[in-house]
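Presented below is the structure to which this report refers.
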Amino acid sequence: MQIQEGRVFIGRFKGKADLLAELTELCKKENVKLGVFSVIGALTCAKLGYYNQAAKKFTDCVSLDKKLEIASCTGNISLLNSEIFVHAHITLADHEGTAYGGHLMPGSKIFAAEYYIKELTGTTLERTHDSETGLNLWKS
Amino acid sequence: MQIQEGRVFIGRFKGKADLLAELTELCKKENVKLGVFSVIGALTCAKLGYYNQAAKKFTDCVSLDKKLEIASCTGNISLLNSEIFVHAHITLADHEGTAYGGHLMPGSKIFAAEYYIKELTGTTLERTHDSETGLNLWKS
Amino acid sequence: MQIQEGRVFIGRFKGKADLLAELTELCKKENVKLGVFSVIGALTCAKLGYYNQAAKKFTDCVSLDKKLEIASCTGNISLLNSEIFVHAHITLADHEGTAYGGHLMPGSKIFAAEYYIKELTGTTLERTHDSETGLNLWKS
């Protein structure tokens, strides 16, 4: 779907905060209802979700209790139950260079994090339950 | 090279389809001849290419026959043999958080995938054979 | 912080050069003082930094003496000591699909690399020493 471009934000999240919560809070504060983003930085610990496609739920979660670089963190902003909702995927790396990835879950704590957010406007996208996958998805 | 900005697209690909084919088909349908994109979501299986720099060809391919999160998928759209061509690299993660990466090949099937495409305009970029690397590259 | 959008650049870096140096040189040549970027391609070798959060310095560095795909490379451009400074994080993959990640360090040599750079304007962001983390950060 073609869409219009809105505002752009760049900055840094405060340390010790939860990465997903900070992303969500900033989008709510700025009223970014649709958009995309990218974050780099480092975490003091991380929690990654993995969707169990057969069970149709997030049954597995990987907790990484160590300091990690955020190799990449990208995703989008849209609406779920009429509220601003951030969907973020992340790649992390430990001090040996080993990479980890997954769905960014609450419990991933910021050491330092720099964000870029691009708002999209002209319409909104609402997530609704998709029976085929069990996920909350936009209309395809 | 400085370039102009064009249209922006956001949306979701249908499940069970091939990710690279869906990206290519959408760009062809919308006539996006130059641009960049980002995708997150999940795959039911994946095929990753690895370019053999000495042999100057994709001799190695990694097939992952398992369900995977798309931790990141980024790349660009340009022309090859005058046709719209998508060049995509991807990072994946399994249910243990282990990350995999490479050149996105045909055979990577979508479970769910959300895309953002940014068109660039003002000129086109055509890939031509580069004898030094053996790859199809833009003029540097 | 909301910011304005500037110019956009797309192109290819020359082979054999240092990826971080090429990114920095291009931004300096074009006078991109603030922005974000994305690169895909391949390296002939890589050097990844890992910030030691306790020691407050980059004590660990991972050298990968092998050919690697750039699964993703994203980051930002701002000022450090009034000079244009590139902060890049990268995810790499070897011929078995194994992924590595970290802070892009000098010593990562290009086999082929395609960049997209988005300039941001209206203000600049200057990195200054942050005593809490030991890093050079923007004001939060």
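In this document, chain identifiers A, B and C correspond to the written order of the chains, with residue numbering beginning at 1 in each.
Assume a contact is a pair of C-beta atoms (placed from the backbone, for glycine too) under 8 Å apart; a residue touches a chain by one contact, two chains touch by 3 or more.
Quick caveat: nothing in here was measured; it's all calculated off a predicted structure.
Undergrad: How many degrees of rotation bring the Cα atoms of chain B onto the matching Cα atoms of chain C, given to the nearest 5?
TA: 120
Undergrad: Same or different, please, for the chain A to chain C contact, judged on whether over half of the interface numbers appear on both copies.
TA: Different-residue interface.
Undergrad: Starting from the mean Cα coordinates of chain A and chain C, work out the distance between those two points in Å.
TA: For chain A versus chain C, the centre distance works out to 21 Å.
Undergrad: Give the residues of chain C that touch two or more other chains, as numbers and ranges in rising order.
TA: In chain C, 38, 71-72, 74, 91, 99, 101 touch at least two other chains.
Undergrad: Chain B touches which residues of chain A in the complex?
TA: Per the touch definition, chain A meets chain B at residues 1-5, 34, 36, 38, 48-54, 60, 62, 64, 71-72, 74-76, 87-91, 99-103, 120, 125, 130, 132-133, 135, 137-140.
Undergrad: For chain B, which residues are in contact with chain A within the complex?
TA: Counting only chain B, the residues touching chain A are 7-15, 30, 38, 40, 42, 44, 67, 69-72, 74, 91-99, 101, 111-112, 114, 116.
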